[in-house]
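Each of the next two complexes has chain A plus one more chain, namely chain B in the first and chain C in the second.
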Partner chain A sequence: MTKVFPLRACWHAALLCLALLPGLAPAQLKIEITSGVTDPVPLAIVPFASSGGADNGVDVAQVIQGDLEGTGRFKAMARSAMTATPSRAQDVQMATWKAAGNDYVVVGRVSALGGGQVAVDFELLNALTGQQLANPRFTGTAAAVRDAAHRCSDVIYEKILGIRGAFATRIAYVSVDGSPPAQRYQLIVADADGANARVILESHLPVMSPAWSPDGQWLAYVSFENKRSSIYVQQVSSGTRRLVSGRVGINGAPAWSPDGRKLLVTLGGSAGTPNLYILDLATQQLSRLTDGPSIDTEGAFATDGQSVYFTSDRSGGPQIYRIGLEPGAKPRRVTFEGAYNARPRLSPDGTQLVMVTQDGPNYRIAVQDLASGTARILSHGRLDASPSFAPNGAMIIFSGIEGGHSILQRVSIDGLTSQRLRADSADVREPVWAPFAR
Partner chain B sequence: MRKILTVMLLVTVMALGACAHKPPKDTGAAASSQVPAAGAGAEANGAAGNSAAGANAAGGGVDIAGPTEGILAQRMIYFGFDSSELNPEGTALVSAHAHYLVAHSSLHVRLEGNTDERGSREYNIGLGERRAQAVRRAMLLQGVAETQLSTVSYGAERPAVEGHDEAAWSKNRRVMINYVQ
Partner chain C sequence: MGALVYGYFQFRRPPPPLSALAIDATVVPQATLDAAQRSATPPPQPAPPAPPVTEPAPPDSAAQQAAAQAQAAQAAAAAQAEAAQEQAAAKRAADQLARQRAADAAEREAAQAKAAQAKAKAAEELAARKAAALAQSQAKAAAAAKAQAAASQADLQRSIDAEERLQAARASGAMSTWAAQIQARIQRAWIRPPSARAGLDCTLYVTQVPGGEVVNVKLGSCNGDDAVKQSIQDAAYRASPLPAPADPSLFERNLEVTFRPTD
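And now, the complex of A and B:
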């Protein structure tokens, strides 16, 4: 696979774009907290020192504050209330910060290392004991300062709450604007906080079902750009992509195997009966997993890669089933509560299943414990859909309708905290949280 | 003038594909152009279809393909919630188009299945396909050749009408009979 399009041709084309179309900058997501815990951890995140513009214009402390407060579990001290701005642990007058009600203090600095490299150092201090809990250094290019800030957030979150942070990760989602039938569909990749959004595919026909490869480098998705569904895999960094299934009928619901070598796909064939298949990406070899006239779709590999969860209406309405990969394996039903359970996704540790469930007239996000079979409804919307686990398993991102628009929402697995991620001018949906970078 | 506009649009769309989104070289078996040029045509047809169904048209100035006389101007077959069964109006419309297709065996239609927005998206792709297949089977029974028919399901991805209530949903649960030129 190679990248194409010579630069000059691109220039001409770009000029035409500018002349005839509005800009391609994707709608920026804004995070709003919809519910938080009643006793958030109070901490002070002191503005970081920066020597000679090393921070590249990024307010590192502000990014960290956005990350931590965005979880609904932290409350940061207002900057206006700070009487000093130390950037090193030895300069912190701890009694003052403690008296202001802080349990923790974060101080740090960004410095140039030469050769375009910068370092972000910080110290996490326990305001009650004075103990230093962490003092990591992250280095990278000036363009990576924002990413370094998210890594700082990861460390603070883990040190205080005991759960690995997932701030330095990415999400992908579909954005749709314009009125039917003249809609524009974009596949967008952004940082987990919605920043650095960029369009990786745009079409006037639907784009759907993005799925991250286990190494976080590729997205599989469905595009109707040829007036029928096709499955592509695209390398996010380069834009290089490959058509992997453009067969007659439905080509849908791609999901990666844990080793990244295979794609679980739904194929409808000319008779239009959707069934699950496993596609070997290297050999293009296809093996059938389910059969029959029912709709079998939305497959997801179990964490160990030895079985597959999927939606099927073989018993009437949609329910979730599990099937082993061995020849002759029979599907076994997994969900029994409610008339509509669909689109299973596994938690990173493999113990829980998240799905769309019908709750009265509403469609909501539910989590089912696989060992006990008990399900809990985690969302409160009317038309919630497309749940996806954060790679640390602590949060779920999904889509919902609010004020007539499709927005993204996050909810913690304990249901205590939730946030909205809204785009001003577009409907955003089908969020998928990328795995941790390897 | 229209031709010039169309060419400009196409070039622009190609430019979008080329620059902003870096389409890679196709290594797959089928065509994989990132240029949604064909999509532009489909939008135009979609607009015409909606127009026939009484919805707001926002087409690109392309004439509706296929017959426009009497009932044949109608291209939308509507369905009940979670159903792929043809109602009497739908059956009559499918029959009219089937007779026309039998009499004009060089014509081809794409049956585009759609659902309302409720539930999960890929499951809705399955439901939309089931609706398109129901129309296809009815047409085959009335003598339309298999080669004249193809199906596609857009599920909930291409609503005809915006909105999040039954008024919109009932217009979106549909199969569009799209004459392909």
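And now, the complex of A and C:
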């Protein structure tokens, strides 16, 4: 909508206005902007210069482009359309890049510092205003060039969108290949874009439900390596691990408390009805959170650590409930739309819940606003599962079925952009996005 | 209402009377100043009188003297013809000298008088020229001022006419249409960062030139984060060139653009 206010309306005050605002020309025409677009921001990421192979074979600009375009919020200029490849701000002919339709230009270089160290420098330039918005330097070993590229992406993303980037973070997931009885289960940790995958656990028996500790140093998971379910916590960097729950019956669905001292777990016991318990990792003390004949599982702590969201069939089909940690607290139902809502995970800011919801004959990823209770379906698959928020809340990673295989996918929180991550012939599933490194 | 309109133009553009003065300050001033200087400095004085010339004895007294001498010579020694002849010769010589001197003096006097007359005439002419020049420049200034006043009057009239057309156009919705076109263009150009939510209220002062090119953008009050501030400035530049109004007289350089997303 537009409002036009002729200056006539304030003639009597015009001289006063001028006197008060000597620096401001009187605005004659007033225009109100009430909406915008979510078009991708056009930018040029010029190939980085590299002296003497300092980049270790990593195309830094390409990594950045992949990161940014993967969010759906950026559109990079094709390299073939570039008429110059400056690597420093002072060499950038801004008018040329602006004329080519770019709002921003990224130039940079990788240089050897000696002692096996390299530096990645870049400049982020606003082609519209001519301003330089950032010029950071990241240093590290030659093997860390790719990580430095992700850090460049983080800076660009935050400067332009105002949200902390999550490109230099990691994910964990389970990979399964082979067929019974010769199956191979692997617990894998990789960069957020799926690169640099490395196996941290391998087993011929099922591995499932990985969960990152709040400090991003540990993974809790369920392994059947002893022919029954057990919960372990493993330090990712060292491989050190310990068994924390190998009780009779089900030991499943571990989730960390925000302070990292407790695990929320699902224990079945001999009675066979799974319920939620809180396990103190230091004391091994176990306290029961839910009881009753219904199945209560897939718990997740609220962001403030004061309550727990979980899946329960106490009303018939699976729905999500919330229960406070205080003694005698009663579960309250959170989801009411649809016959199936399960596997809750909280957004980093605690305002949203991501879950698996039944959508006709399909199972899809949905996000529910906790304040309003309204839910939106973000995915379009047939059997989507295991959603997990990026630590900046901007994307969700989940698994889906494609060509008979389970693959990893990411979708932006607005649902407008999704992409599949590289998958091998193996089934990859149960992705979980690591928190920001502390 | 007329006073308001006039006041509006006083506010909008340099007021006509002042404008006329301003033009005086650039065009007329040299002449005016010169004339003023000329009239302030004392006019050149007439040439001082010629210094007194040492005159020989007036011709009358010289003649009398010569006559007396002749009478005395006649009475004393008429016989001495030679002497008398000599004396007569002397007298003739003296007469001639006296006449010559008298003639010279008269000539000089006449020359002096002529010179004085010429000087006086020159002074008079100069004064006349100056007076004429002064009068001319004053007349010119007066004419310029008159023309200026007339032009200002015409300007004012034109401005009033333009304003009336503007008002008519506004009333007819042309201005609203143009504003809506600009609004649509900026909205399409505003890539909203996720933090630009309902409740955002930012003002951007945009300056455009005819043709619609955005030449300056200045952020006013804004409750958004850095990314939002940047995005709205970018939007103005991305929207450049802005659409032109259907009626060129509607064109406004200065736009006040508020960003208040409703969703």
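Everything that follows uses one rule, which is that the second predicted complex is superposed on the first by the 394 of 438 C-alpha atoms of A that agree within 3 Å, B and C clash if a C-alpha of one lies under 4 Å from a C-alpha of the other, contacts with A are read in each partner's own complex, and residues count from 1 in each chain.
Throughout what follows, a residue touches a chain if its C-beta (ideal position, glycine included) is under 8 Å from a C-beta of that chain, and two chains touch if they have at least 3 such contacts.
This structure is a prediction, so every number in the text was calculated from the model and none was measured.
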Of chain B and chain C, the partner touching more residues of chain A is B
Is A:K159 contacted by the first partner chain B, the second partner chain C, both or neither?
second
Which of chain B and chain C A:V37 touches, first, second, both or neither:
second
After the superposition on A, what does A:L128 contact: first (chain B), second (chain C), both or neither?
second
Scan A:L325 for contacts with chain B and chain C and give back first, second, both or neither.
neither
For A:A119, decide between first (touching chain B), second (touching chain C), both and neither.
neither
On the A-aligned overlay, A:Q183 touches which partner chain: chain B = first, chain C = second, or both, or neither?
first
Name the contact category of A:A100: first (chain B only), second (chain C only), both, or neither.
neither
Return the residues of chain A at which the contacts from chain B and from chain C coincide.
2, 4, 14, 24
Chain B residues within the chain A interface of the complex
8-9, 11-36, 38-40, 42-43, 46-47, 50, 56, 58, 82, 110, 117-123, 125-127, 129-130, 132-133, 136, 151-155, 157-164
Per the touch rule above, chain A residues touching chain B in the complex are 1-5, 9-10, 12-14, 16-17, 20-21, 24, 179-183, 185, 199-206, 208-209, 224-230, 232, 234, 238-244, 246, 249-250, 252-253, 266, 268, 271-272, 274, 295, 297-298, 311, 313, 317-318, 340, 342-343, 356, 358, 363, 382-383, 385-386, 401, 404, 430
Sort out for me which residues of chain A touch chain C in the complex.
2, 4, 6-8, 11, 14-15, 18, 24-41, 103, 126, 128-129, 133, 158-163, 394
Using the touch rule from the top, collect the residues of chain C that touch chain A in their complex.
4, 7-8, 11, 167, 170, 175-176, 178-180, 182-183, 186-196, 205, 207, 217-218, 225-228, 230-235, 237-238, 252-263
